[in-house]
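Letters A, B, C and D mark the chains in the order given here, with residues in each chain numbered from 1 onward.
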Amino acid sequence: METAILRLHCCDVKGIVYNVSRFIYEHNGNIINAEQYAEAIDNRFFMRVYFDSSQLRCTRETFCEGLRELAAAFDMETAITFSDQRKRMAVMASKYDHCLYDLLLRHRYGEINADLALVVSNHRELEHVAASFHIPFFYVPVTKDTKSEAEARALELFAAHHVDFVVLARYMQILTDDFARRYEHRIINVHHGFLPAFKGAKPYHQAYEHGVKIIGATSHYATAELDMGPIIEQETMRVDHTHSVDALVAMGRDLERNVLAAAVKAHADDRIMVYQRRTIVFR
Amino acid sequence: METAILRLHCCDVKGIVYNVSRFIYEHNGNIINAEQYAEAIDNRFFMRVYFDSSQLRCTRETFCEGLRELAAAFDMETAITFSDQRKRMAVMASKYDHCLYDLLLRHRYGEINADLALVVSNHRELEHVAASFHIPFFYVPVTKDTKSEAEARALELFAAHHVDFVVLARYMQILTDDFARRYEHRIINVHHGFLPAFKGAKPYHQAYEHGVKIIGATSHYATAELDMGPIIEQETMRVDHTHSVDALVAMGRDLERNVLAAAVKAHADDRIMVYQRRTIVFR
Amino acid sequence: METAILRLHCCDVKGIVYNVSRFIYEHNGNIINAEQYAEAIDNRFFMRVYFDSSQLRCTRETFCEGLRELAAAFDMETAITFSDQRKRMAVMASKYDHCLYDLLLRHRYGEINADLALVVSNHRELEHVAASFHIPFFYVPVTKDTKSEAEARALELFAAHHVDFVVLARYMQILTDDFARRYEHRIINVHHGFLPAFKGAKPYHQAYEHGVKIIGATSHYATAELDMGPIIEQETMRVDHTHSVDALVAMGRDLERNVLAAAVKAHADDRIMVYQRRTIVFR
Amino acid sequence: METAILRLHCCDVKGIVYNVSRFIYEHNGNIINAEQYAEAIDNRFFMRVYFDSSQLRCTRETFCEGLRELAAAFDMETAITFSDQRKRMAVMASKYDHCLYDLLLRHRYGEINADLALVVSNHRELEHVAASFHIPFFYVPVTKDTKSEAEARALELFAAHHVDFVVLARYMQILTDDFARRYEHRIINVHHGFLPAFKGAKPYHQAYEHGVKIIGATSHYATAELDMGPIIEQETMRVDHTHSVDALVAMGRDLERNVLAAAVKAHADDRIMVYQRRTIVFR
């Protein structure tokens, strides 16, 4: 079955659900699931419609043209994706392998609704990991002086491999604003920080010294302007004084891979909408 | 703002969202939120629509008549409630007060979208609790020989107080089938059992002896035919060998009040649909 | 059975467990439970011993004198409490009642190993709550100009009621440094902030705007010098875009009462040791 | 630093902590951590002592001889392990790779205090996984008629590789009683069942049909006589109607690897004691 996912948001006025569902119905689509969310602060209406598009009575181009007209009438921002255009993801990693293994395994189990197109790394350590899963690996070293060339090389590789979104699987390089903007809301990062986040060096040591009882991790879209872009997923674990710094680091690995995987799944399923500084993550 | 909630389920065919949203649109309602769920096993489609009904162009009777016609056309089961018809709940309790206090407090905080009409108990111990919250309390004793009279008396009280649904807040009496059927899917119970549930007497002692690492509680609709009707909410907590039976009992109180409150909120918000042996609990 | 709890910490040298257990054994005490914890960073050894003291061969004074000698030999900081000297707690509250009710109920269930001596409030709203549980209530109003008199009055009341520790159950007044120092590590507060904490006004609104996926609360000892003293307990809950600010506030109530109750129980059980900026909370 | 772990349990009488700590002190050991637990039901005392054994004044044989005398005096069951005798584990797997990958990675991160000696499987599918981590892999096929030969072959391999304990990482064969007895309390299994466990075929489908709101997994020691031996670790996750059977299966993979890893870590650290049908898992 060929399906499509339509995401849209607009000012909350009467008739949106009706007009959207009528548009799909009149083109012979069949709604499988639809979620709406009315935002109180800005009076904004968000909608995600998952529908059977295999019986559409017109070409896809005509359908999208009609959708543009509908969007114009309601001043909607829309995005539509079709199930036969499976997304392709790039993974960027450095030396830590826990997030990379996790993504490779979940990809193979079919948990992630995307193709894993390539792995790009500024080190050679993880080449054998990608190889053991038969995923192309590219070594793109980065030095202080070659960051822009390295990013250009990565962008070339992404273009050549038709990459739709990028996952930073503990990639230990800061991206330039320009790079972040090129894949706006399409770069997923994992923040290995605690909640409440301790700033500066050795956050795990600081957490230990303060005797926190809960640690956590956060996945988010990487953005150019902000330290941390819109949050996609967060998870916490209980700790106590018996947990050594090593034990905290080990728990951090589990937290990081969990929140990163959840964010990647949600992005691949087109379940995320970004509005201002926050995400709406439909189920 | 006057609002309404429409819940429906039917065989999953094309055009349901469109026809339902058109019906609401043509009567000048405005959808605030709608959730759908397509059930894979039985090809069943569930929908909950929350809409602004303050500008309806017809009488409520005419609207409901139109809804019945729509339902007939799609062989739908439907239920509609209006925000000006606030639900009224009865609480049945015995001697344990933790669930009763929790409901009284949440009710007063405005967390529960229903009026707390009365408390019925087979003991007098909790009369002062109801009184301190200014809720009518009725003592309806139950003995082996007077169960049917007692239930008849409770039903009378419920009728007199226009009760829509009943919450068993650790009410230590088994209900008759007849009573359960009179309020089918409108009696909410809490099961104080562990997961996995140990059958028979002293479940906490059994759990202790087996060294379980997790305990839990379950809220569900009380049904006539089954020991445990459709599950509404479950919650678990981690335990270990350091937890005494007393500690487990204390944790059980917290679990019970949490899952019962979550179920009562969901029911009061018309977020639950029952289908066969299971619930769909919309958010 | 009369029991005692000995807590101590000292530099980690050989023979501490042996010497402590010998001391107890030679005085005819019987260890029921003992926990140790060796701190890696500062090479500090913490120990909590729970022992049967009903057969002690000497007076309690002699026992404590011997303990002082042992402590001197190892440069230990020690604290000992006996089960017949049940702690007495004061609760300070303002208008919010959720933490107060929770403490009153848990106290009555026997979950808190302390007497609830009195409630002090800067408002009259909760007087009836304390009254319904037969706990003395004192109205001690506070204005900008009368803070020191009000604190003096509270301290008088605490002295008169033999108060050992103070619980700030959403008490909406900032304490003076002097007050905090008088009950150092004996004032338990609950921080209603999110993790990561948003500073400034309306933290719940800020959290909503940032689309956080987890909220939390923290209980801690109130200290004079720090905004937040040593953390005792933390708890988090998952949220998403469907949670309104009202829903977040309701969840905040649950979080606050849970973390406050856990801290009060741990303090009453003499399970907490404070070292520098952090707590060790034995089980 | 050479360390040792002493675990013991006996009837709870006066002087156990004193005598054990004296024994260690007099042999010039230094206690780093000790945990005790007094069992209420059977008046049983459990103790785990972790101590620095690098300065012992006698041979290890003499120390162990002394320990046997102490054990005899108190009718204790004891077990002692030394840090230079690192445990060796065997992993048995079939075709599912999620638990195997998880153990291989955690082993490499140093999270598991044991050597991963070999992988034994009744299929060839996971040979390349073991190979990519440089762990010996042995294919030991099992048919209905060759189960005893296959088990004999596995036992031979375990003996040749000096295996101390066995991890069933989704090994899809039932062990014979004889095999289970040979490694009593040294075979760790993961139960992929739900809580409450649905018996019989297709537990995930049954859970779906009952609309459970929580799923879980359990790790335990495999025993000869019981379907499920003493529980070591359990974990749960929240689910709702939106989770398909596929989603439940994916969550099941995460649960299984988590509870299995936690059990393996605890076993490797000598933190588990088995008493009757339950475990005490020290921290």
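By definition in this document, a contact is a pair of C-beta atoms (placed from the backbone, for glycine too) under 8 Å apart; a residue touches a chain by one contact, two chains touch by 3 or more.
Note that the coordinates shown come from a computational prediction; the quantities given were computed from them, not determined experimentally.
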Repeat of the B-C interface, chosen from C-D, A-B or A-D (over half of contact pairs identical by residue number): A-D
Same or different contact residues where subunit D meets its copy subunit C, judged by the half mark: same
Distance between chain centroids, defined by C-alpha means - subunit C, subunit D (Å): 37
Separation of mean Cα positions, subunit C and subunit A [Å, integer]: 42
Multi-partner residues of subunit C (at least 2 other chains): 37, 242
Of all residues in subunit A, those that touch subunit B in their complex: 13-18, 21-22, 24-25, 28, 30-38
Subunit B-touching residues of subunit C, taken from the complex the two chains share: 97-98, 101, 105-106, 109-111, 128, 132, 242, 246, 250, 253-254, 258, 283
Contact set on subunit D toward subunit B in their complex: 37, 40-41, 195-197, 208-214, 216, 218, 230-236, 240-242, 244-245, 276-281
